[in-house]
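Below, each structure is written out as structure tokens.
The same chain A turns up in both complexes below, where it pairs with chain B and then with chain C.
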Partner chain A sequence: MLRYIASRGLRALITIFLVLSFAFVILRLSGDPALLILSPDAPPEALEAFRKGWGLDAPLWRQYLGYFLNIAEGNFGQSMRDGRPAIDLVLERIPATLAITLPAFALKLLIGVPAGIFAALHRNSLIDRLVMSLSVAGYTIPSFVLGLVLVLVFAVNLGWLPSGGYTSPWHAVLPIVTLGLGGAAILARFTRSAMLEVLGQPYIRTASAKGLIWRRVVTSHALPNAAIPTVTIIGFMVGSLIAGAVVVESVFSWPGVGRLLVSAVANRDLAVVQAILLLVAACMVTSNLVVDALYGWIDPRLRSGRTVKAGG
Partner chain B sequence: MSTLDFVGLQPGAATVRGFAPAVAKPIAAQGSGDALVRIAGLTVAFDDGKRHVPVLHGIDLEIRRGETIGIVGESGCGKSVTWLAALRLLGKRARIGGTVSLDGQPMHDFSDAAMARIRGKQIAMIFQDPASSLNPVHRIGRQLAESISLHRGLTGQAARAEALRLLDRVHIPNPGQRLSAYPHELSGGMNQRVMIAMALAGEPDLLVADEPTTALDATIQAQILDLLREIRQDSGMALALISHDLGVIADICDRVMVMYAGRVVEAADSRALFATPGHPYTQGLLAALPDLDAPHRRLEAIAGTVPEPGKLPGGCSFRLRCPHADADCAAEVPGLGHIDKAHQVACLKADSL
Partner chain C sequence: MPIHSLSRRAVLALSLSLTTSLSFFAMTGTQAARADDRPVVRVAVQQVVNSGALTPLREQSNVGARIFPMIFASLIDLDRQGDLSPVPGLAESWKRIDDRTLELVLRKGATFHNGDEVTAEDVAFSFGPERMFGDRKPFRGKEAQATIQADETKPLFSAATVQGGPDLPPEVPAVGRRLWPSLERVEVVDKYTVRFVNALPDVTMEGRLARVGSQIISKRAFLEAKDWMSWARNPVSAGPFKVKEFRPDNVLVLEAHDTYYGGKPTVKEIRYVVVPEVPGRVNGLLSGEFDFVTDVPPDQVKTIEANPKFEVVGGPVLNHRLIVFDKNHPQLADPRVRQALTHAIDRQVIVDALWDGRTSVPAGLQWEYYADMFHKDWTVPQYNPDLARKLLKESGYKGEPIPFRVTNNYYTNQVQTAQVLTEMWRAVGFNIDIQMKENWQQIFDRNEPRGIRDWSNSAPFSDPVSSLVNQHGPNGQQQQVGEWTNAEFNKLSDKLETSTDRPERRVIFGRMLEIAEREDPAYTVLHRNIVLYGKRKDITWKWSPTFAMDFSADNIRFGQ
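Showing the complex of A and B:
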């Protein structure tokens, strides 16, 4: 078991390392920060000084090595725009992001899971078809389109809610709803198919045959089993609490990590982009590890060293 | 499906010890008042979204208290569906007709809650694949205790004591340890014993065992059948044993019903059925059984394949595979008729064969 945890931990670190390396190379090959941050018409000496100041004149491999050595010391670099530590810039945006992603996450769970369960239990009914159509819609409509539609209806036409900004709690409503509905659609589909899969299993028939009323069959024998695959997707959603709102934050001018990422990429503010990616990768990897641990907890078949005994 | 499958040549068939039934009782008279379960004209069709595919075309059968009946037939002939329909376990896509009565009470009048009270308490059922018939995420003890509290109202330590007693009853060694095991930690045979223990928790009047040994290997099959026989003798409950395997049926059952393509084609006292099979299909099944006295005899399998539900030929469903069929057989579906007091056959040629 200890070896298992160690190997999973190592794999997680390697994943993060690969993400960072990839981002490092791509960012450095895709544009010169000096030109973007100063301006293409800046005097050549100024550009040269800028590159020298940020170490951009060194060979790529030295920059790369230096970058990881710094990380090892807890130094994530400075923003090229204002010289502040990149990690501070990122951390101060997190509360704003969580202010919309956490309520949206709750919305996804509260709508998506019950809707999926209900649809599965009433398979092929009118309500099932309605839930599934809405879900397909939520699945396929990109979040910026949904966001814009909501803005048109609730901000422009009805004038009930502000269309963008962050000066009052009301400003958070449309971003939360946009994020929440999209995720609820995904979760509803997922939960429904997990439930349908479980409801077709022989042990459900056994549970009915032993005399349990249907409600108890569902609560004691279908829901716990359907939770196993559903936990994966929920874990994925937890992992994207920090980074999952890039589009929505941009649409609604919400000052979170996502918008910081967009502007940092546009400006080639390398240290900031990399600090965000590090954070995102760390969240994803951690939530993956947690999902794995949860799996073992809900599914006893995975607990005993992943062996399945067969035979007479 | 392979021919071997249908003539009952799973490994277990080798354990057959001749065809004399263990106990020969008189056949239950049609319409006698003391039937525990009576199924009359049971039909089932599945709605596949476009049309109804009929799979049962009117099953009649009767089980008296304490009796053991065997139900044989090739895969897909409707053995499981018969009992799942009787217990209302088929789900919404099934269209069910006919009557099923328990102690003379027609069950289609029963509410869902009343049906739930019958399941496990009066009629229990165990299934073919014990490993997937138990819930993988719950411990054996919990699944047993669920039945015990449901049917006997016991909880806590009392339920645990009863669970231990039941596991001991089905000869599971170390019952205390097994209670905290998960199904995947037990073998198929052990899981089937757990299923039987769960069925016994309700002290049912009838246990329907739907191919309880098909998924197990030969020695385990014999042990499970011995266990069923022993329990039946001790408890006096009736047993409906579904099997592909005539040998298994011959071993334990008082009476046998042979099903073909959603109909009963022969029903008889076991001894009579094995001595003088009346239906050409039964004759074919028997001819295909291995004979322990002459193990090298060539097996005569029935030619042809079972027609799919919804694509039955007109008239007798078996006529296309039947060596005795003629034009009359295409004209109408033969009904079950007595060729003897304890012996019914659904074949126009039954008298001349």
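Showing the complex of A and C:
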């Protein structure tokens, strides 16, 4: 197990290193922070002074080396815009992001999983088609479109909810619903197809034939077997809790990590972008590790190391 | 996985999320209302400041210029909603001692946000090395400067390290010197009298004092700040509002400075909320979330005004939209080709089609508030496609592609304007290659040939030095990035900066316009830029052509 975790950990470190290197090169080559932060109308001598002050006039390889040496010492650098440590800026935005992504995650689970199960158990019925139509719609409508539609209906026309901002719990409702509905649609589709596959297996027929009531067949035999693909998707969703609301935060002017990322990329505030990427990569890798561990708990065959073949 | 187990997990997740949400709102929640029944003004802005700092010595953008007059106070102010003429600010009077010296008498009893009285000491400090110039010396004329620079061993760009105050970021002295290139010193004559002494004769000193960046700050507050950024987040000046809360990219809350010398504000608080997207701002206004929204594009005017409770106000500001030429491009080296480009543009069509006729074509790169320096008879190059074709033919242009670098609507209607221009140029025989770029570094990139680009120029004070010299002169951006230069223009530029003979300056300025807009085009002006605000109709408020949103007592009234 330790070896397994060590190898996963090493792969995670390599992934994070590659992500950071890629972002560093792309961001540094494609924009000048001085022009973006001070504005193109700033005096040329001020732009030059800014570049010199932040070491942006040094060769790229030296900046790259310096950046990673600093990270090795636990220093993620300072925001060129803000002057404060980049990691502090990112950490202070996390509560705002979690304030919408966690309830949205709960909403995804509460709607998506039961809807998928229900649709699978009533395959080809009117309800199944309705659930799947809504699911396809939720899956395909981009979140910024859904967000704007919800704002038009519930904020502008009905006046029930605020259109954006973050000063009261009511401000969180539309962002949560926007995030939650899209995710629920994805979960419903995956859960339905996993359930359908399992329900067609011989052991489900056997369980029914030996006289088990249908509810018991579903809860004890079908659901645990259908859980693996659903848990994988849920794992991805957990991994994206920190930076999975970039678009929605922009649409609703929500001051979370996503908005910070957009503004940091736009201004080429490299240290902040890198700190966010590091955090997101770490979350993703951790959630993947947890999901891997969960597979073993859900499926005893994986725990004992047996190969899984179709049909058990 | 049994359903009831999933539900328990979901319930746990929901509880956790609710706890997180509630803690977040507890942190950001508004404070209990105090006994102050003045209204709060809520403004949705595209951005509060780009640079993260609430100081014009770092923030050089127009978005910053919108809020600074509410925080900072200047010695000389402008009639912002009127003819932009100078009016007393913290200085109640001023007079010229000579062509290098200006004496100002401060009003007594004006206070900073921290309660301290504004004195001559604060004025001198505001224009001193600790706050503005670092170790950058004033420009004392070309000969004197050569001697000084030869003697100096200090690096040109270095943060000022002055005892007792926060270190300046290196860009601040550079900006300071751009605002006041030749300011030698500010002398304290007595507690309420100061003298600005310039190294060179300068007729623009009064104008420079009224510009953004020349505001007065509290010396004590600056010296007590933990570091420069802490200061820049919570600057202490003597404007009508003081900083209560600032979270970059999110919100700026200003609260009334009740002892403001210009009268107690009738507004308790101004909340500037960052809503980067246009639909977000417009929807926020229509749903009652905001009282004002900024940067309304012309195509949203009808949407807002369809609701009888709201209206769109605004108009031309002190900023013109230009097209800039790089005369190093092989096809643009011949001035006739650039002249042809300027004559092929039907500017009125752009104004009517893209701006709904809400703006106009100005008289070149100048503004009426230049007063006696304004050339009323000057015009932009006439729209004359035949002349454009003739010039093009004479130049020997054979249809080689000319790059036109465009960013994605950094300026309102930028892409649409570029498309219209390209078609107008194509109609007279040009082959224009529109190249979409992400940012300004890519616009200025010299690795590929540069041809045409977009720009806008402001007039931060009432003299051509503020625009034509500062933007296109030897130290201006266009020459600094190597796009254009002209020996005669540069000589005149130096002369315009130091001459005190106003009729002579007027002639010089006229000649500079001729060179840069007609003979050897550096740029061509398209139209005046406009700023449109969406607002509640029941609030009486007047917009200003200076970019500033003025919420001081005499410019806002609730209830029609």
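FYI, the second predicted complex is superposed on the first by the 303 of 312 C-alpha atoms of A that agree within 3 Å, B and C clash if a C-alpha of one lies under 4 Å from a C-alpha of the other, contacts with A are read in each partner's own complex, and residues count from 1 in each chain.
Rule of thumb we're sticking to: a contact is a pair of C-beta atoms (placed from the backbone, for glycine too) under 8 Å apart; a residue touches a chain by one contact, two chains touch by 3 or more.
Note that the coordinates shown come from a computational prediction; the quantities given were computed from them, not determined experimentally.
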Partners on chain A (chain B, chain C) - clash or fit: fit
Touching partner for A:110 - first (chain B), second (chain C), both, neither: second
Angle at the Cα centre of chain A, taken between the Cα centres of chain B and chain C once the superposition is applied, in steps of 10 degrees: 160
First (chain B), second (chain C), both or neither touched by A:142: neither
Which superposed partner A:298 touches (first chain B, second chain C, both, neither): both
Contacts of A:102 with chain B and chain C, given as first, second, both or neither: second
Which of chain B and chain C A:79 touches, first, second, both or neither: second
Partner chain in contact with A:224 - chain B first, chain C second, else both or neither: both
Touching partner for A:164 - first (chain B), second (chain C), both, neither: second
Of chain B and chain C, the chain that contacts the larger number of chain A residues: C
Distance of closest approach, chain C and chain B, by C-alpha atoms in Å: 11
Chain C-contacting residues of chain A that also contact chain B: 220, 224, 298
Touch list for chain A against partner chain C, complex: 30-32, 34-50, 52-53, 79, 81-84, 95-96, 98-100, 102-103, 105-106, 109-110, 113-114, 117, 148, 151-152, 155-156, 159, 162-169, 172, 219-220, 223-224, 226-227, 250-253, 255, 259-260, 262-263, 267-268, 298
Sites on chain A touched by chain B in the complex: 201-203, 205-214, 220-221, 224-225, 228, 298-301, 304, 308-312
Residue ranges of chain C in contact with chain A within the complex: 1-3, 6, 9-10, 13-14, 16-18, 20-25, 27-30, 44, 50-52, 58-61, 157, 159, 169-175, 177-178, 227-229, 247-251, 273-277, 279-280, 283-284, 286-289, 438-444, 455, 458, 475, 477, 480-481
Chain A-touching residues of chain B, taken from the complex the two chains share: 84, 87, 89, 112-113, 116-121, 124-125, 127, 129, 132-139, 146-147, 150-151, 182, 184-189, 195, 198-199, 201-202, 216-217, 219-220
